[in-house]
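These are the structures, in structure tokens.
You will see chain A twice below: alongside chain B first, and alongside chain C after that.
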Partner chain A sequence: MAKPKVAFFDFAGCEGDQLQVANLEEELLDLLGQVEVVTFREVMKEKSDNYDIAFVEGSCTRLQDEERLKQIRKNAKLVVAIGSCATIGGINSLRNDKDLDDVRKAVYGEDARLFDSYAARPIDAVIPVDAYVHGCPITKEEFLSVVKALLLGKKPDIPTYPVCVECKKNENVCAFERGQFCVGPVTRAGCNSCCVNEGTICWGCRGLVDNPNENAHKEVLIKYGLTVDDAINKFKLYFGWQERKR
Partner chain B sequence: MMKDRNFDINVHHVTRVEGHGNIYVNVRKGTVEKCEWNISEAPRFFEAMVVGRTWRELHHITSRICGICSIGHTLASLRATEAAMGITISEQDLKLRKIALHAENMQSHILHIGFLVLPDLMGVGSVIPVASSNPEEVKTVLSLHRLANEMSNLLCGRTTHPQRLIPGGFSKIPTMKELIALRERLKASVPDLQKVAELFKTLAPKLPDFTRETEFIGLTKPDEYALYDGDLGSTDTGTAPVAEYLSFTNEYIVPWSTAKRAKHSRDSYMVGALARLNLNYDKLSPLAKQTAELFDLKPVCHNPFMNSIAQLVEVVHNVEDSIRLIDELEAAGLQRQPDYNNPEIKVKAGRGIGAVEVPRGLLFHDYTYNEKGVCTKANCVIPTNQNHGNIELDLKALLPKILNKKEKEIELNLEMLVRAYDPCISCSTHAVKVNFV
Partner chain C sequence: MRIISKEDFAQFVNALIKDNSMDVIGVKAKGDKFAFGPLESASDLRLDYDVTLLPPKKYFFPQRETLVTYDTATGFSAKNEEIKPSVIIGAHPYDIVALLHMDEIFKETKSDPYYFEKRKASIIIGVNIQNMSKYCFAPQMGSAVIDYGYDLMLTDLGNRYAINIGHAKGEELLNKYAKNVTDALARDIQLVGQKKREILNMSQQKFDFPPELIPELLGKTYEESGFWEKHSEKCLACGSCVLVCPTCYCFDVKDDTDLSLERGERIRTWDGCLLEDFAKIASGENFRPTRPTRYRHRYFKKGKYLFDRFGFISCVGCGRCSSNCLPDIANPVNLFNDMYHETVSLGMEVALGAEPTVDIQTEGNIDYVPRLATIIKKQPMTANETLFEIKLDDGSELGHSPGQFVEVSVFGIGEAPISVSSPPTKKGTFQLCVRKLGNVTTKLHTLKEGDKVGIRGPFGHGFDSEFLKGKDLLFVAGGLGIAPLRSLFNYVLDNRKDYGRVMLLYGCKEPRELLFSEEMLALAKRDDVEFKPTVNWCPENEIWSGNIGVITTLIPQVNFDPETTYAVVCGPPIMYKFVIHDLKGRNVPDDHIIISLERRMKCGVGKCGHCQINQIYVCKDGPVFNYAKIKGVPEAL
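And then the complex of A and B:
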């Protein structure tokens, strides 16, 4: 059987997720035994429009990017969104609650109308997406497990419970007990509560869990001492696009 | 024959660089009519995005400007916030941050020279065929890259978008045992580095012998190879305090590109490993100096292709200096800190500038906070933006010298030149201004 052909593409983002793929190092060589990489601009000169799986990093932030995405969808059998910018809009959606006309004018001056830039959005706001690798950045382990599932024709196993479940299992002291604020109760798990394990808080990079109780959690944030604005801001850091859609 | 030559080169999305950049060339009757370096990356508006956000989040947000130099962005961000609020960090945290910066510099440089530059010197399109033709060398590069990543993991809790680096210090620090284990691995990596240096020594004749005099700018310090902090230094005008950075960077806009550019005493200047080496050669660690001598690399070197060799020299310095820093931490005795460390910070209004040398050169973050610690204004000046002007002037100077070559070879040489700068285009379009003229 011919090796499946894979391609990597990036839109508005930091390319940190493709870096995690490069960071697979020796495992990347093993992976190359299973698939053929035909397009990966960050590391190779060759490119091709003939591929089976497209990995897409970054958000869609302008109309001209929609055309590129639609072409990728047409060429690929499977489209996989990698990293928060692609899966949920990510940090890029922070700009969405600013008056976009003001932002554009501030940046482009008189020529603002010539520049096509709209609310930053995840890939599935433009084209259907078959699988997601969440996180900012993605982890090598989750990337490999999603790739393995896809190669076996299975649906990748992505948690549908919040980060708190993993955090409790790891016996972390709750951020709220330490006088800090966290969005772990409404954020999709799968990261093994990595940020809290490292002594900080959950920022929400994997996006809202299925059926989150956002309002209840905002009330908790306020009860523990955040102002209403700060509580809303906590959600906007990563959930901007998802909240807008809900 | 040259006089009859007409051709166009349009390298749309230069490969093996971070982000989307294009080279456009028109040659008519043997004369260069157009030679442009153009950036088409989507704008990201970071400076607008952070306004209204609190001091606790700024480093988390601005880290996302770039996945490859996220530790550098985080440190520049923290230093700006700490300067604005008058926060000082302990000697121990300072040393640990310096090791974190070394780790990222190693990771980024090894990725660049081993994965992105090496294929050009071997005449192939990517590192994938090199893995078959030279498996031992590729394994050596991979193991060095892995070591650098594990070092970032140990200091920052992650290789990309660090978690442990916070205003006032660290949320968690490694144990002395972990640091000693790291030191042993760093020592063991020296023969590997020598192998890589020897490999590049055999390939170095393939680096074009091209020079164009320019200005080099970077941080400088009297007593160390400046990376984490220092004064501004220029090979043309000497030193100046960081507070005067805007008079160094003088950002401006060209109509054919979506990223800002910079100039100081000449039409353009260069930042990055070669600039640092040119400014601070005497402060390189002993083995790093030996490596520079192997390539006859001495200040002031005006060949931009030697930037990749300067990166190799810096990796050796990063390793040796990290070993020295761990020795010092051990001698002083590592002070433990509380779990989930969250330094008490007295929030106040003010402006602060953080200048840090990151893999691709000098990076500035400049924030203004109100009395609640909410950011009201931000400016970030990115290394690659400072280099765009120099890249284009180098392309314009190189092209007439290679017009007698085949078109494909010309294209490759121009691409190699862009790649030598290790440009980071996502970074450089963090904020874009475009004017039509």
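And then the complex of A and C:
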């Protein structure tokens, strides 16, 4: 059987997720035993429109991006969103609360009129997406796990429970017990609670779980000493697009 | 009782570490908290801890553990791992009691070999509580001081430890590695007694009623209006309360394939009944979809279901659930107090109930390793359903009884419970009628004749074909429900003279979804079977001359004597209520209705917890139930 052809594409984002893939090191060769990479701007010159699986990084922030996304959807059998910007709108969605003209001026100054922009959104707001690799950035482990699932013809195993599950299994001291504030209780797990393992907090980069009890968690944040505004901001960092949709 | 100075105890621990013949594990500081971990030096030991983040059960039932390895070339194999002996230093009595609970649970019916191999290879050195967590209520649960369950038990007496010897293993360890151990004097024995009495008064938690009443109390509040909704309103469904629990044992099983896509491991990981998908099956049906129902299940499981089965309340009062719950709604003392006051205010009396009848049988080990089998024949039946004929490669018979199920493994994908569709009278091979739904069943459909699968089982309690002899049988099947029923139905046809009248009512959504259509056509021609099919609707481009309407529209069309007739019912979850209602309308007694239920049967052996409906394990106690016995089980239908 011919190896599936895969291609990588980027939209508004930092390309940090593709960098994780480029950095796979020892697993890279095993991976290349299973797939043929035909487009990957970060690591190769060649390009092709003939691919089976498209990995898309970054959020959609302009109308003209929609056309490109639709073309990718047309070319690919499977479209996989990689990284927060692509899966949940990511931190790009922070700007959605602000006046778009102000945002453009802040970024482009006097040339702002030359640059189109609209509310930042995840790519499934534009095209159907078959699978997600969450995270900011994605982890190598989860990327490989999703790729293996797709190659085996299996639905990738993306947890529906929050990060607390992994924190407990990893026997972390709860961020709240350390006097910090964390959105792990409403954030989709799958990262093996990597940030809390290192002594920091969960910022929510994998997005909200399917049925978060947001109000209960905002109450927790306030109970532990955050102001209402800070609690709301905690939710905005990564959940902006999802919260607006809910 | 023995005495050892603290210096000599430290020497003893260091000698154990130096010996390197076993893993030496002890309680150490972790930030401001404590955790069990490998000891590098006795000076890391913190026997003055209040509570550890996780209980020591992680050494016997780890967060992640390989059960089986697989290779498409060679099949499935048991995990082959040398178990290094271990000594665990510093377990509090409540955590030791919790391990004794786990022992009972993991040995019921069949023993879990992975749990017990580690349990047997370990030595537990307990320590009496010096500082009690503010959430701890172990004294009230009878697990704060114990004289069983440990190999050695330490009590801090200032400059020395008193050591109670609980098991010869502990004494041997002491003899081999400890120096200057003396017999305790009367004064020390008295001091230990005094310390233990002090421990019993250390708890800051307070029950407003004797906790022995918890099972009775729960028995009165299952459907209590608004109670569970109110208490779970702030539940984050994060599972923290169950993941840190020393007696929680539910697990999930997943396949982890390496990049060759040919080899991998079947992994068991901790799971929790508070988590959203815990009771969700491949069709998308979630049997405990809301936070209040899952929150309630946790308290019932601890306080009632396990009590009814094993005779103990499965809570040792460590308080970890309370201290790990951010919205502070997981404290069992608070919840049970509220429940007690509410029950009393409603005028209900709560008195100690009868002791449960505990009848735990245990025989042999659970075999998690599937047997290799070959797909002999693959017969598509509809767009989404295929009949697979399967032969075990070792040449043995499956040996099932009608109504039982098997766990089918597909390499790299996982395992799914599938009921056997063929009767035991069919020899050499067995049949599975499979609908394309989840990962395993979808992949199974892509396999070809000659391809390999794995089979575990048969599992569960099937239909009692002996008991049904001489009775009139009314089979009621909806959709894929025909699959398990067919194993009994065809058995009955193969032994036709042993049974009375045989009636089959079979319904599906539309004609093209009709399963076993050729067999159905043959049935229609038999005069010793009364067969009535129905479809919910018939699209214009399809042909249908039979009844149109849901399955219950067929019930008035058959005449039967409710005294001599047994109804055997299987279909989608929604169907039971209506069919049973109409059967009762025809005066069929409750105990003449036999049903087969579908749940998330992950392990198949009553351990993983996913298929549990109230106190019942569908995989073990079912999937076939007599309606009279299950009608009072609220989650059943």
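Just so it is clear, the second predicted complex is superposed on the first by the 235 of 246 C-alpha atoms of A that agree within 3 Å, B and C clash if a C-alpha of one lies under 4 Å from a C-alpha of the other, contacts with A are read in each partner's own complex, and residues count from 1 in each chain.
FYI, contacts are C-beta pairs under 8 Å (C-beta built on N, C-alpha and C of every residue); 3 or more make two chains touch, one makes a residue touch a chain.
No experiment lies behind these values; they were computed from the predicted model shown.
Engineer: Superpose on chain A as described above, then tell me if chain B and chain C fit or clash.
Structural biologist: Pair status: fit.
Engineer: Under the stated touch criterion, which partner chain does A:R178 make contact with: chain B (first), chain C (second), both, or neither?
Structural biologist: Both partners.
Engineer: Applying the touch criterion given at the start, work out whether A:V38 contacts chain B, chain C, both or neither, answering first, second, both or neither.
Structural biologist: So A:V38 meets neither chain B nor chain C here.
Engineer: With the two structures laid over each other on chain A, which partner does A:L78 touch: chain B (first), chain C (second), both, or neither?
Structural biologist: Neither: A:L78 stays clear of chain B and chain C.
Engineer: Which partner does A:I232 contact after superposing on A: first (chain B), second (chain C), both, neither?
Structural biologist: After superposing on A, A:I232 lies clear of both chain B and chain C.
Engineer: Rounded to a multiple of 10, tell me what angle the C-alpha centres of chain B and chain C make at the one for chain A, in degrees.
Structural biologist: Between chain B and chain C, as viewed from chain A: 130 degrees.
Engineer: Between chain B and chain C, point out the one touching more chain A residues.
Structural biologist: Of chain B and chain C, B contacts more residues of chain A.
Engineer: I'd like to know which partner A:N23 touches here: chain B for first, chain C for second, both or neither.
Structural biologist: In the superposition, A:N23 contacts chain B only.
Engineer: Looking at the overlay, what does A:E219 touch: chain B (first), chain C (second), both, or neither?
Structural biologist: second
Engineer: Give, as a whole number of angstrom, the minimum Cα separation of chain B and chain C in the superposed three-chain arrangement.
Structural biologist: When the complexes share the chain A frame, the smallest chain B-chain C C-alpha distance is 5 Å.
Engineer: Where on chain A do chain B and chain C both make contact?
Structural biologist: Of chain A, residues 173, 178 contact chain B in one complex and chain C in the other.
Engineer: Where on chain A is chain C touching in the complex?
Structural biologist: 27, 30-31, 33-34, 144-145, 148, 151-155, 157, 160-162, 164-165, 168-174, 176-178, 184-186, 209-213, 216-217, 219-220, 224
Engineer: Within the complex, which stretch of chain A touches chain B?
Structural biologist: For chain A paired with chain B, touching residues are 11-20, 22-23, 25-26, 29, 32, 37, 40-47, 58, 61-62, 65, 90-92, 94-95, 98, 103, 106-109, 111, 114-115, 117, 136-137, 173, 178-180, 194-195, 197-200, 203, 230, 233, 237.
Engineer: For a test of understanding, state which residues of chain C touch chain A in their complex under the given definition.
Structural biologist: Answer in residue numbers: 30-33, 35, 53-54, 58, 63-64, 233-240, 243-244, 254, 256-261, 269-270, 272, 275-277, 291, 324, 326-327, 412-414, 438-439, 442-443, 446.
Engineer: Quick one: which bits of chain B touch chain A in the complex? Just the residue numbers, please.
Structural biologist: Counting only chain B, the residues touching chain A are 13, 15-19, 41-45, 48-49, 52-54, 57, 60-61, 64-68, 70, 111, 115-116, 119, 125-128, 131, 139, 142, 145-146, 149, 157-161, 163-164, 166, 170-172, 339-342, 426, 431-436.
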